[in-house]
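Labels for the chains are A, B and C, by order of writing; each one numbers its residues from 1.
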Amino acid sequence: MNLTLKIWKQSGPKEKGKFVTYTLKEISPNCSFLEMLDILNEQLINKGEEPVAFDHDCREGICGTCSLYINGRPHGPDDAVTTCQLHMRKFKDGDTIIIEPWRAKPFPVVKDLIVDRSAFDKIIQEGGYISVNTGGAAEANSILVSKPNAELSMDAAACIGCGACVAACKNASAMLFVSAKVAHLGLLPQGRIEAKERVKKMVAMMDAVGFGNCTNTYACEAECPKLISRSNIARMNREFMCAKVS
Amino acid sequence: MAELNAKVPTGPLAGKWTRYKDHQNLVNPTNKRKLDIIVVGTGLGGASAAASLGELGFNVKIFCYQDSPRRAHSIAAQGGINAAKNYPNDGDSIYRLFYDTIKGGDYRARESNVYRLAEVSNNIIDQCVAQGVPFAREYGGSLENRSFGGALVSRTFFARGQTGQQLLLGAYGALSRQLKLGTVTLYNRHEMQELVVIDGKARGIIARDLVTGKLERHFGHAVVFATGGYGNVFYLSTNAMGSNVSACWQVFKKGAYFANPCFTQIHPTCIPVHGDYQSKLTLMSESLRNDGRIWVPKNKEDAEKHRKRLIKAKDIKEEDRDYYLERRYPAYGNLVPRDVASRAAKERCDAGYGVGDTGLAVFLDFEASIKRLGKQVIEERYGNLFQMYEKIVDENPYENPMMIYPAVHYTMGGIWVDYELMTTIPGLYALGEANFSDHGANRLGASALMQGLADGYFVLPYTIQNYLAGEIGVKRMDTSKPEFEEAEKSVRDRIEKLMAVKGNKSVDHFHKELGKIMWEYVGMARNEAGLKKAIEQIRALRAEFWKDVRIPGLAGEMNPELEKAGRVADFLEMGELLALDALNRNESCGGHFREEYQTDEGECLRNDQDYMYVAAWEYLKEGEFQLHKEPLKYEEIEVKQRIYK
Amino acid sequence: MNSSFLHFSSITKKIWMAGLGLFLMTFLLVHLSINLCLLRNDGGEWFRTAAHFMGTNYIIKGFEIVLFGGFIFHVLLGIILQLKNWLSRPVRYRVTNKTPTPFLSKYMIYTGAVVLIFLVIHMFNFFFIKMGWVGSPVPFLQEGEPDFAGVALYLFSQPAYSIVYIVLIIALGFHLYHAFQAAFQTFGLDHKTYTPFITRFGICYAIIIPLGYIIIPLYFLI
């Protein structure tokens, strides 16, 4: 299939960026989206031009490195996949594909389509863990977890931290990401001990780094490649309110 | 040829680790603050080590090339993590886990290390549960176990098909906590370029900031490598795109030994290659072989037609199907071990019976199981895998059989380490997949996660103190010392040399070419002539690389092509050593299969007389390596032949 | 507006926003029940009685202050939240977002602004008369109270006003359509059994209440 690509190019965080148009011919529909970009880069290098920089690593949808806002949708038109698992058969011959980086104040562009998502790490550092040192942990089966809670916790813990929720949200809100971690730990008995402190600190950092507010449009849920539910946001709101009033 | 001393404690196997800990040197809390440790890599080994060392009070600097420590490739592990908890009451024990691991590794692993691994396996589960890893649970709330290959007991703990992810997020959480407390400093998007050795001891690294392209000098009283495996030397593998051997290769060139590089694991059930543009192979869980039947057409004409998309698998009649695993291995059938299944698939495809567009695929058919158990049961067992397959291949595996092919998955070889996980360079340690120690010639499922966390949480934090106790008098060094100066200069020269080539071919071109050579001659089945050819071709390709590679952009900016070029340059040297080691090892064992050394039935023919040793290679100069042997002595285990018929 | 107010966390602000929204929704119900009195063909007698009660009862008068305060707070919070939201994406996307989301959820600030315009008109037509800031189109009652029934009947007698009224009330409906369920989500009241019911109830509320308001001008139009 033949394609026209309009890709955001920006040489550095402080440089001005612009869209550059490329054309690609005879792309196999079985090609993954990132492999399509590989082909483009190979051609650009052979022509002596600068390739397009984009983030990627595992290419099996689990590391959360790949991003890309493709034709108005984070991770492109397919549901429940990351860009690395998106395939060209989801596009039509002759399509024009516009590729942009994630846009959010806390996700500044590093180069071309690469953004800096360390804001997520900062939020986790505020309390996205259980404060336990190595060694001295109790016998594993001394902590019982009900199966439904373990399942719900796992649903939330499946978050890969890619940032699609922020990219999709009209307010660039990180509520789905933060709430997934709050829910994952809050649903387990071992995570309850510091649950109040956790939610307060993580939300404070989420606000401080400049993410927007949730207006319950649920674009995050619709674009999440791991199908993290908005119920987690409700749970975090509840935990936060309880933590504040108690 | 000097014999290597692994510094294994004396006395009975079961008491070695306890005795070691009882008598080792420790560093007191005030001195810990004065000691800096550099950790490279943030996977299970690196993150858990950095967190644990930070908790102890050391000053830790941790480096990763990814944008976040949470993205290290440990995250992609699916199946689970082994531990000898014996929760199902099925007779498991530390000894049994130890025994299975040694046997699974075809008697090429170091006994004392493996025993320690089994010993601390239970602590890992306790630790991870305390961290909030959402392991699967029984209805009563206790932890659930499942069975895995190579064991008669159910000892695998799991969190759906994302165990690696959950364990890594646990370690990442522990690391994040230390980052907040300030005991650990993170350098993300930094790639380690060179080790700094001062007076024979590892004292720091030169790292490149991947965003600005600047070279940085970092001092450490000790340096810890948790940099993963080298599977990407084959270009196509289940590894992440960025996984590389460079850190290990740089220290190899500085005097650390590289052990058993030829021990690579090929996983039989991966989604096949579908075109030249392919960048990555996706693993489909081994568990599929429990209910799937593997076959190819009996007639070449049918295979040919399938390749040309003239017929579908369904159109091939039952009597025209060759269930080759069931035919060749009636006892184990489709459940033969990974290496056997992989080789058998390759054999059929090489003989012209392969299917799919490229002819490099075999069918994994669930038709019989669906008929026998119903679609619902199959969906319950493998629903997510079927879905993943459909997303990638665009074919419904409930209706058409899956197509699979083996792919490079894991590398058992790595930097040689002693019992304390120290390399041959004092003060330099290697953990997890980066070292060679625990899996011998073949790794069992659910053991990689166990090893990464064992090393990081429970082994290194002890053993490193035995070394650091002697370093408390060493003040933090100024990075303007000539050794840092020199190391940085060598990195700069190398980068300049790469940039100066200004050739015509992309880095990926060379990587793909290398991958083809490796896969063809150093892949699933190896022979002397092929290996010699491979070495020749790799050398030629390396020479071409340095003459004709084209790296656009500048060195002093973010430059993904330059990053790749550095890694591929190292793979081009490493591939040669891999082939050389395979050539040296005149036997077949585990993942290393030499066609000359097989039984009449095509099984591995080990040569314990001559090759029951760890092959540790020393770098002399480009293309020249010196072999050192660490003999393997089995005191507690009777060495046997692995038979699967 | 002191800085500590601005430094409330995003979730605290949202919870206030939702709480005040729900409070204002109950007010809509009370107001509607009075408005519907106009449908009784009695020249506005019932309405007058109700308006008299609302205008003179001290408890209600107290509530009036709460209502005003709540409304202002709701509007201010809405603006503050929205400003932060816009600032959170300083560089916009070239392609507008194509994520499938509930349509109206994305336009709360705009439907809210329309409701605010409506309220200004409404205040001008009624509250300002009471305060004596503008003249009344109809004579005052004997007790010196403004004749709100008369004003309402006068306004609805003008088709242009009625049409504008209906359009603005529809915007209010749009605002409510998303608001009800969203408020529960913000409170964290999410449950797999009850949430679908709450959502349906919210939709009904967002249709029935505006419909109730619209019936009145329609009655006078037709």
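Definition applied: contacts are C-beta pairs under 8 Å (C-beta built on N, C-alpha and C of every residue); 3 or more make two chains touch, one makes a residue touch a chain.
For clarity, every value in this text was computed on a predicted model and none was experimentally measured.
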item	value
Graph class of chain-chain contacts, one of line, ring, star, complete, other	line
Per-chain Cα centre nearest the global Cα centre, belonging to chain	A
Highest-count interface - the chain pair sharing the most C-beta contacts	A-B
Between chain C and chain B, distance of the C-alpha-averaged centres to the nearest whole Å	63
Between chain A and chain C, centroid-to-centroid distance (C-alpha), Å	37
Centroid distance [mean C-alpha coordinates] between chain B and chain A, Å	27
Two or more partner chains touched - positions in chain A	none
Chain A partner contacts - residues on chain C that touch it in the complex	9-15, 81, 84-85, 87-102, 105-106, 108, 178, 181-182, 185-190, 192
Residues of chain B defined as touching chain A within the complex	48, 51-52, 55, 66-73, 75-76, 85, 87, 123, 125-132, 134-143, 159-160, 162, 165-166, 169, 172-174, 176-177, 179-180, 186, 188, 211, 238, 240-242, 274-275, 277-280, 282-283, 391-394, 457-458, 461, 504, 506, 508-509, 550, 552-553, 557-558, 560-561
List of chain A residues in touch with chain B within their complex	11-12, 28, 30-32, 34-36, 38-39, 41-42, 44-46, 48-51, 53, 55-60, 62-65, 78, 81, 84-85, 87, 89, 110-111, 114, 116-118, 120-121, 124-126, 128-135, 137-141, 143-147, 150, 153-154, 157-158, 160-161, 184-185, 188, 190-191
In the complex, chain A residues that touch chain C	8, 19, 69, 71-74, 98, 100, 103-106, 168, 170-173, 203-204, 206-207, 210-219, 222-223, 230-231, 233-241, 244
